[in-house]
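Both of the next two complexes hold chain A, though its partner changes from chain B to chain C.
What follows is the complex of A and B.
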């Protein structure tokens, strides 16, 4: 049965443009301009959803953005607001939270047990026995609300952008529009945000008004106003950082606008409040604003026979709208009179009759309530305001706002359209004035900005906009729903207060009232009223609950946006990608793990020569008179007498003696050093040095430049590395007596000038690390491959390097050490020089040396040579954990498994047999070795 | 041995999106100095013959162009990649990936700042070209491809 009325004066539908759509698997027809809810209501649909807990049938309550009963699934998008989302052709709309169907919901049996479903029921009931919790979880999930997500949903484009408006106006009603216009005319850059699809606020469903047309024209005429409709200000954060979710703009489905507003004007109007009585959630019980919207905007008859319970002009206007639309009005109940009232609404799948306080029962399928307003002060609360309850007006009002936040229009008070516009206009000018002052301050305090222009303007006084008197009406004589989203009744709040949750903040959390998707817009004042009655306090004494962001639920997609974590690529990454490298993400870097066979890469490097891209190594260029002092201080070993052209390994510990990083540093000139750090530790070491220099050693002359990205680093390793490099160098003598182990040279390699060559060796082989200006890295890599083709040169990846360093027993910071591993525990006593005057960690390391480390890093070899215990396997004794494997690999060189591990000190004695517990639960014995190195213990290959 | 060829980390020399052009300027010589040789204040940039000098942190300057004379000079040509966004759409594109207030009052021609662009630490210099808004972005070379890909993706969708 169609409920579509004949044309209405201000309707927004296009009767020439029918749109077909699916509801619950059946085809329906609506009109362009319809919301999903208005199209369904026009088609005679009364039940839109099932409620959260009791699975009661629910219909239209507000017919707008904040309707708790109109969440639907549209194709693969859950939780769509049918009262707000515009109908699109072919839309596949389905109800949520109804199983097996909307008409027959098996879980509505919940309401038979409703009196057992007290607050906290789930917490109290489904806790024991503990073993059944997974089953409870599985079953209860079926009972939970919300739509469903298809993991294969194609990606919808969502984006983020930043904005810096002078004035951001939240709310596009008469006051908001007026504020935007005057602010723009005063020279402010304005962002006007409206949650509906068009500007106008409550004027859109009133009789056509010239004021609305004029405001809209003036907004359009102002180039300084950016209008965002179908958008919601979801939060106000420190320093007016305002988040706006914008939907349906060009190029993207949804975007998150992060606006730094100089002044925020909150012109959110008022939201009509439901009345609490038995049956107040039956389909057919609606707010007066819902009725007015349905009739005037979409020409939908909300019912056929109405009872109107009105305590204000909105209810009176709804009655007039109904009469004009030819809908029978069975009774108008004047709620302003103490002797008149609604007792309960009756019906099963929808309203059938209304019981009145005078004892009469009136048959009706529509009950309109107009009992008062809630001021949506969320954004003001987020700015630190504590709104105050005004009993005369029966609503909360803004109290004390910070200088950069203002309130305009209905949220402040009531008035005619002209009075609201005048208030908004004055607030707009004041907002622009304050924004100008703030902008000038920022310009003066920001070195890059231009000087602020002199001049300005004097704001006008803001006219008083007092709230109209309104009778206090919250709770009827019977028990009804306070929170429609969470299915919380008045008696639930009362019983929870009786259980001891006698603060509204506790009560709200225990009952979850105001915590559903509507976030208190409809229910908070009623919840406070119930709590006040239950605890013998006044509403003013209790105040509102704390409103936090978001103002309205926000999709995870909008929060995620199209951000992608940036990744770092070495100058050689393109070569790796085209030469079969298997990539591995190491920190932010994408690195080649191997090129097919890491064991073969190890063998080739040990037998011939291999090259590895070690560009991600942290590199810091250090210059100045006091660099050596800095090195002495941050490293545990000695640096004062490092000669030019020499390289030294350094260990860095934090103040607690825990190993922070390690690497080699070369002295390239008298006052010029070149530090390398671990790849993952580069940023940390930079900050570490910078912090010391900026705090304790401010007078030291040290100039640091992070040059990690400035050099491609290629380690040329293997017995033939000297021969290979020899083919490419002109001005560097590579002979062992000229270029010994732990020496550094600068010069030309493969025609590239200004290369740094370090003779060091993480792999245990004779090796030269060539640091070449990054832009020539690829040239160098290809030159090495070409020059070494007859020497068997081949690239090796991170995995081969890990194997070779483990064969040599070199630890990796963060892999073999952890947040408790001090220098001696890592076996680095030889690099800790307690006799130095001072260095970071000295007292702690002295203490550790004196008392002996609790754990030690040791090399281990399993008795079964082919067994490789997975890293992090526990080392146990009886039922005690006494250590763990930190690194383990099968060594291609030795043909056996090799490990590093941390064990308690008494197990760290060479020759001790320890027990490794594998993840399978099996046990494997292993022997503690004398040296960390499993291979070439004396380092002859390295020094060759 | 062939002359070494400078390989830029940025995959395309020029990307033209109509309202905005994205040009790789990584080959420009770049220097870091600790003396105010160009008399440029913090947060500002200056054009000098073929050089551009700017300062985004106290007591430090970055110079693009010929090697500056005097004081300590560190070559950062290979440390930083550089790209330039020019055109009437440059600011809108940057506002998608950068939180800085790029209005003429806060970021006029020859303003310089260190900020995040697409999540990467970047030195941003407004260096207008023939009256057209133009932003020069310098970032660590290893991130450049990532930033470039993001800017291209955003520009293509806008």
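What follows is the complex of A and C.
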């Protein structure tokens, strides 16, 4: 049975473009321009869903985005709002929350047992016995609403973007459009955001008006206005950070626009409010705006015989629309009269009759209600406003707004189209002026080459837009639904208040009224009205519940946006990739973990010579008179007498004594130092030095340059490293008596000038670290491989380095230490010079030295030499945890497992046997060693 | 997200900055344990105007002292750390 009317004057459908789609597995036909709901309504569908708790049949209520009854599944997309989503050809639409079918829902039996589903039913019923909770959960899940998610849905690339409008207008009705136009004419960059698919607000379904055409033309004519339709402002945060969800930019995907508006204009209009009476949720009971939209926009007859209960012009207009469309009007109930009213609606699967307060019962399949308006003040609340209830207008009105937020149009008051436009126009000018004033202030507070723009505009006079008088109509004489999303009735709110939930904030949480998918847009004032009646207060005394973002739901994909993190690559990365390196992400860097066999890489480095790309090391160039003073302060050890050409290991602790970073620093010249940091600590140390220089030692002369990316670094390690490097250097004498351990030289390596060569040894081998300007990194790497081909040179990766440093007992900050490990606990007492006048962390480290650390980092060897306890295995005594393994590997050099671990101080005595609990639950004994190093304890290889 | 008007770079989103907490002055290394612990761990946690340190790490890399109202997030004064704080 088609409900499509003959052509209407302002319809948005294209009758030449039929679209076929599936509903519940059957083919239907709609028209281009239809929403899913209007196409179904045109095809005669009246029941769209089953309600959340009682599984009552539900139909169109608002015919828009905020319709609580029109949630459907479209293919793999759940919870689609059929009142808003435009129909697409071939769309596979299915009802949600109906089982076994929309027509016969077995769970509608719930309503027969309504008294069991009183507020708090779930809290009270499904708590005990505790053992049954998983069963309750499983069973109740089948009763819950919502669509279904397809885990195989393909991932879609999504983008977020920033926007910096001078004026952002939320709402594209007459006032919002007028504000956008005047703001743009005043020179502002404007973003105009409209929830619907086109601009116009309530004018789009009124009779065709020249005012709307003129507004649309003027918006189009302003290049300074960016219009986002089918988009919504979901939140206003500090300093006018405004979140806009833009829908349908590509297909139906959403994307997030992060807008920083200098002025936000809220022109959200009003939302029509349902009336509370028995049967108010029956299919066929609709709001006047729904009826007007169905008839005028989509040429759909909302029913065949109507009762119109009207208390305002919108209801009167709906009656006129119905009459014009040729739909029989059985009765117009003038709700402005105290002696007229609706008592209840009757019907089973849909409305059949309406009972009036004069005792008559009138057969009808459509009941139109027009009882008043709710102001969607969410964005104003988020800006700190506390809207005030105005009983004469029966709605909440904005109270006090911050300087950067303004309200325009219907949210403020009522008027003719001309009055709304005049109000919006004045607000638009004022908004633009405030935006320019703000920009001018910013320019004045930041020195720049250009003259600041003028500010300080006189306030723009804004015409008064008072709200029209409206009779207070919230609750009828019978009990009905307040919250359609959550199936909460007036009596539920009343009994909850009687149970002691006598604050509206408690009552809403206990009954879940206003907490469903519609989030109070339709029902909040009715809920407040019921609560007021139940607690003998006025609506004004209670106020509204707190509105929080988001105003409308956002898909997680829009929030997530692009999920790719940036990665850093060394100048040698391409070489590693083409030479079989197995990549590993370490911090932000992609590094070679190994080139096939890390144990072989270790053996080759210990026997011959290996090279490793250590470019990610943090590198800081420090120059100036006071560098040594800075080093003395940020490192725990001594630096004042470091000679030119020498390198020293340095330990950094934070003010609480916790190990922050370590590395070596070389003195390259009289006032020139070169600091290296851990790869992951590079940024942190750079910031740390800056902090002290900028906030405390402002008079010190230190010039700091972060050069991590400026140099590639290659560690050449192994007994043949001197011989290898000797083939490439001309002006550096590598002989041990000329270039000893912990010395630094600058010179030419492989014809590259200005290289820095450090003789240091994280691997425990004789080694030279070559720092070369990054552009020559690959050249240096290949030169080393070529020059060392007869020496057995081979690259080694991070894993081989980790094994070798562990064999040597060198700890890694963040791996073997944690956020509580202070200097002495890390075994670094030798590098902490308490006799220095001051350094970062000195008092805490003194305290730690005096009391002894609670835990210590020690080397451990398992009694079973081939057992490698996984890192983070616990060290236990009885059922107490007394430490953990922080690093563990099988040493290819020693042929046994080697570990570092943190243990409580009393277990840290060399020779103590501790118990490791493995993840399997097995236990393994291990011995605490005297030295951190498992291999070459005296460091002869290193110093050779 | 807050908007901070950097005295060097102009208005920028606060995610360009690292928050450094309440501005404080480091006592000398000879401070009493109580003074030192207070510097490390005690915070006034005021509800109202507070001077705090921010670092424009993704901008000019300058440390700033900012007066912010912890209740309203209003910011009334932003100065380079080289100017010290009250």
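As a convention for this text, the second predicted complex is superposed on the first by the 895 of 944 C-alpha atoms of A that agree within 3 Å, B and C clash if a C-alpha of one lies under 4 Å from a C-alpha of the other, contacts with A are read in each partner's own complex, and residues count from 1 in each chain.
In the analysis below, a residue touches a chain if its C-beta (ideal position, glycine included) is under 8 Å from a C-beta of that chain, and two chains touch if they have at least 3 such contacts.
Here the structure is a predicted model, which is why all the values come from computation and not from measurement.
Legend: residue contacts after superposition of the two complexes on their common chain; A:260 is shown touching both chain B and chain C.
Ranking chain B and chain C by residues of chain A touched puts B first.
In the superposition on chain A, A:656 contacts chain C only, with no contact to chain B.
Shared-chain residue A:589: touches chain B; no touch with chain C. Touch criterion met: A:710 reaches chain B, while chain C stays clear of it. Of the two partner chains, chain C is the only one touched by A:838; chain B is not. In the superposition on chain A, contact of A:748 is made with neither chain B nor chain C.
In the superposition on chain A, contact is made by A:237 with chain C only, not with chain B. Residue contacts after overlaying the shared chain place A:555 against neither chain B nor chain C.
By the touch criterion stated above, A:442 is placed in contact with chain B and with chain C alike.
Within chain A, the residues touched by chain B in the first complex and by chain C in the second are 260, 442-443, 446-448. Here chain B touches chain A in the complex through residues 1-9, 26-27, 32, 34, 41-44, 72, 74-80, 95-96, 98-108, 111-113, 118-120, 140-143, 145-147, 150, 153-154, 157-158, going by the rule given at the top.
Against chain C, the residues of chain A that register as touching in their complex are 237-241, 260, 384, 442-443, 445-448, 655-656, 687, 690-691, 694-696, 698, 837-839, 842-844, 847.
For chain C in complex with chain A, the touching residues are 1-3, 5-11, 13, 18, 20, 26, 28-29, 31, 33, 36, 39-40, 53, 55, 57, 61-63, 72-73, 78, 81-82.
The residues of chain A lying in touch with chain B in their complex are 157, 159-164, 189, 251-252, 258, 260, 439, 442-443, 446-450, 452, 562-571, 573, 589, 615-616, 621, 623-624, 703, 705-711, 728, 750-752, 754, 773-780, 783.
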